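Chain nomenclature is as follows: A, B, C and D, assigned in order of appearance, with residue numbering initiated at 1 for each chain independently.
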Amino acid sequence: MIDIAVIGAGRIGRIHATNLHLHSGANLRYIVDVSETAAAELAAHCDTQVGSLESVLGDATIQAVVIASSTNTHAELIEAAANAGKAIFCEKPLDLDVATAQKSLLVAEQQDVLLCVGFNRRHDPSFERVKEEIETGSVGDVEVVSITSRDPSPPPADYIARSGGLYKDMMIHDFDMGRWLLGEEPIEVFAFGSVLVDEKIRTAGDIDTAVATLRTESGRLCQITNSRRCSYGYDQRIEVFGSTGMARAGNQRETLVETASAAGYARDRALPFFLERYADAYRIQLDRFLRVVDGEELELPSGTDGLRALQIADAAQRSSDSGLPVSL
Amino acid sequence: MIDIAVIGAGRIGRIHATNLHLHSGANLRYIVDVSETAAAELAAHCDTQVGSLESVLGDATIQAVVIASSTNTHAELIEAAANAGKAIFCEKPLDLDVATAQKSLLVAEQQDVLLCVGFNRRHDPSFERVKEEIETGSVGDVEVVSITSRDPSPPPADYIARSGGLYKDMMIHDFDMGRWLLGEEPIEVFAFGSVLVDEKIRTAGDIDTAVATLRTESGRLCQITNSRRCSYGYDQRIEVFGSTGMARAGNQRETLVETASAAGYARDRALPFFLERYADAYRIQLDRFLRVVDGEELELPSGTDGLRALQIADAAQRSSDSGLPVSL
Amino acid sequence: MIDIAVIGAGRIGRIHATNLHLHSGANLRYIVDVSETAAAELAAHCDTQVGSLESVLGDATIQAVVIASSTNTHAELIEAAANAGKAIFCEKPLDLDVATAQKSLLVAEQQDVLLCVGFNRRHDPSFERVKEEIETGSVGDVEVVSITSRDPSPPPADYIARSGGLYKDMMIHDFDMGRWLLGEEPIEVFAFGSVLVDEKIRTAGDIDTAVATLRTESGRLCQITNSRRCSYGYDQRIEVFGSTGMARAGNQRETLVETASAAGYARDRALPFFLERYADAYRIQLDRFLRVVDGEELELPSGTDGLRALQIADAAQRSSDSGLPVSL
Amino acid sequence: MIDIAVIGAGRIGRIHATNLHLHSGANLRYIVDVSETAAAELAAHCDTQVGSLESVLGDATIQAVVIASSTNTHAELIEAAANAGKAIFCEKPLDLDVATAQKSLLVAEQQDVLLCVGFNRRHDPSFERVKEEIETGSVGDVEVVSITSRDPSPPPADYIARSGGLYKDMMIHDFDMGRWLLGEEPIEVFAFGSVLVDEKIRTAGDIDTAVATLRTESGRLCQITNSRRCSYGYDQRIEVFGSTGMARAGNQRETLVETASAAGYARDRALPFFLERYADAYRIQLDRFLRVVDGEELELPSGTDGLRALQIADAAQRSSDSGLPVSL
């Protein structure tokens, strides 16, 4: 039984807290949030208590923390939790600034604590099966990875403003998937960004539609396409093309039903958004984190994985701004 | 919060007990089983205690019971629970004998207790969507219902011997689905049964492969095909054909992955068996039962539904034995 | 180069004549029809001439005839062509009367001429692939064959009246497919027929919706479902379930396009009707007939195949009328 | 009836000559080739005669020519045919050199002859349906076009050497599709090329795997991925993502069959190569060309379309070589 606290009682914090509450191996001890009300509400929902950051980090019985607060607090919290000797699960991105993220990783490394980054998609059963197809050799040598990632609708303008931009906020997931599936480190990125969905996003200094290409030393390629709006649901697909085969994972629907009429055949839209699409992944992700805290050996997305994805996102932003490819 | 007991600690009892244990609106108070060991093991798994039938039925705080014991005890337990004034969820079939089943329903009716039969498939989200397509009119008038139901592998010979035969043990689910989807009562059944899978099943007096056809007064038709063995998993499909459209639900797979190679395109087998395929349905089914116990108005498969399916199964057996259609 | 004549210039005769006209191994010499106008029109379309039955059968250079006239003339024409020593391709059914059909086969046999029946579906590349899966063993022992066959809309009432009824006119194709895929001769048939589409069909003494079940000596089963009306196109599907696998062929669509929108995913309807769905099959069928006339050894649906399907259709009609299964 | 000649008796010339031979509106009068043997063989196959370039261009009854000779002769032949007043169908690419291609277009324009370029994919029924979905508005404003194009296996090394490279030889088709589907002119291209399939291709100065990105003035984007080798057949897919919907066309298979076994579900590979995949497109393409020669008004890929695709391919090559995006 792992004693654990959740820092951040927003949308993502709620997912993690609920999963920990239902997990037979976790003892969810505290909810921490800058808003006392939000913390209390979530604590009540999860049959646990509100705590302060100090009380959590000062409580020697707490073994691990989940950092799900706003991005600008991540680095600081990683350092504080590392200095308190806690195992850390931190939501992506580590920070919007590469140097700040690097500094926090250094502290975690110095304190020798576990640091796992919340790249939930690596834990999705379908994407994991694609990865297995690569590892068991059925795809052969990986050559081209294609990733499609489209949100159902754009976030509010004020979220955009403090999000760090599409590349660090949204495509960062795809950069991590790209690294994971390519099996080699990208050495160059090129990105085109456009505003096609909402002019308010341009006003906020961001884009809403983008494509990026990654290249590795040996010439493996990765294509990513992102949009902040998608009429048919949350569009999440990957395809890995290799020397002897291809493996791909498509969208999930609510049911298995197909209908037919004079208008043709019809099936459901894709699941609405990440809460539905990655419900299993979120659950599996925390379960694995708990198991590693408990001593099991499992590969989890590390602080370094978080940093590399952030570096690629940072470079993609520069490529998109300058119109030139950027070396990594 | 509904106080409830589970009678029967076998495979199905375990599913129900686990779902009740995890349900926030249920208070799973007792596990009852003829085997003290089985009851104790399941009670421990679900953080509850072992009870005797007498203690459960005599405990005025218990509002409902789940009957998941062996089929030959169902009717007797329904009567006892009804006489004790408990709401009853009973696994299918009610009994292997139509008259015995009828008698137990009469007691439940006289005592005016809720009696719900465990036709789990009615609660499967995909099948329910097919039903919705009918009710919203997109299929038009229902004309032909086609049901495919194949188990991955035959049960042990001793199970076959006391199962009541394929029609009452296995196809009874499809008879219920047929009634539900046809929207009219069948008035005639014709069945052909064969032994194609395992000669031991013939020795046990049963068949392992069967097709049946139902006809309603207005001429609506239903075709059912059953096999006790299926190489590609648990094959569970329905299709409803109507005057203006068709709706169908296919098999579920573990992941969304498709691969391709020189050998062609490949996808996963169907899910292995009912525990996986109907995990959601089992959960939803009990949730709805609890909600009805709690006063909500929801349509649930009733004792009468259980009886009608049993009557059709009984008639199908006679048709299969005699080689002649049987009126219902 | 085979010298050949087409008898019958209706819808089906036109398909055959056009295919012969485009075939590099055929010399389409004559079109014969009771309507001089129809014959002349089709002859012009195919760059050939109108002939009389006498001139065709009396022309020693004519090696083969295609009989595509109305059903009530088939038997007589088979006999005449056989007596003239011509190879014969005859459309289904041989006749509406089993004894009459048998008599014509006897003549063909006595004259030792090739007689091939137009069961076009056996030549459909997808259905043929299903047959190959059976023959190469990937399905294992065939256990259950399921056939769905639905026309887009009912034929005119006057066609119904002289069609011989749904079983002999429409389901006869499925009886042939069933025999072909079961790999064993059916020994019993049971059929339910309903009028659900159009009351005029009842007035004409026929049904428009039917299901039939076939059983072979060893217990293999076949389920067939037919409707005279289908909202989503011409519904033509087969599925063969066996001891180690399953093979199925679904409907064809005009394009490979899938669209998605807020309403969900959508694909084309099935192809409209047999002219489109079986265009390849019609072409392949005649090509094979010509090759056999030319001396090649190929298995083609024979007169006996035509007779057996007719016998099953006849029995199905009697089953449907009497409400009892009929032995074959 | 259009009197026409085919110049070039190689693989592509054979497709066109055969389609013309079977076309009821074409009178295929001559086959021209530098190899007298090749010309004679194809002429025999198509029941026509061998001609010289001079005889064809000097024959006033010849209305149109199909240029299917080697790429380095295209521009010269366009000019000669234009000067002779013939309508011209020319295979892609117009030339490997942009200036040369431009010069030939100028001649065609001055002589005011019809010049149509062989972008066969625009005539593929599935891709055309995607285009229709755009035009009828179901996709909304086009935002991102994704094109996957993979050959089954690399061409011989000597072909590579004179092919003009992957961008002009292979991806040129996708550049044309991109322009056609984007509905706006690309203003910038970026391409990454790799050698992952065969080192001999590197030796020949080319690449075998590439991704390219196009951007239009308004910010619409297009992603293309190419490989010279694909284990599962000829991989030809397009997807158009827009403000209100998505439309895509997948790969074609030989049959509609799906099988299932203990190993899972399986379907055929994609069709082997362009002869099979685009058989309909080749036929439709020439039919439309003939109809336009005959006076009908139809939009066909023009010389300008051929030039623009070549310019993009040329720019993509420079981008791939320099590692920098190139403006168009």
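As a convention for this text, a residue touches a chain if its C-beta (ideal position, glycine included) is under 8 Å from a C-beta of that chain, and two chains touch if they have at least 3 such contacts.
Just so you know, these numbers come straight off a predicted model, no measurement behind them.
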Would you pick out the chains that touch subunit A and also touch subunit B? C, D
Distance-maximising chain from subunit C - centres being C-alpha averages: A
Between B-C and A-C, which chain pair is linked by more C-beta pairs in contact? B-C
Whole-Å gap separating subunit B and subunit C, where each centre is the average of the chain's CA atoms: 41
Roughly how many whole angstrom separate the Cα centroids of subunit A and subunit C? 58
Which residues belonging to subunit D are in contact with no fewer than two other chains? 231-232, 244-246, 260-262
In the complex with subunit B, residue positions of subunit C that touch it: 140-141, 143-144, 146, 148, 150, 188, 190, 192, 194-197, 209-211, 213, 215, 218-221, 223, 225, 227, 229-232, 241, 243-246, 323-325
Give every residue of subunit A touching subunit B within the complex, in rising order. 22, 125-126, 129-130, 133, 138-139, 244-252, 254-262
Footprint of subunit D on subunit B - complex, ascending: 231-232, 260-270
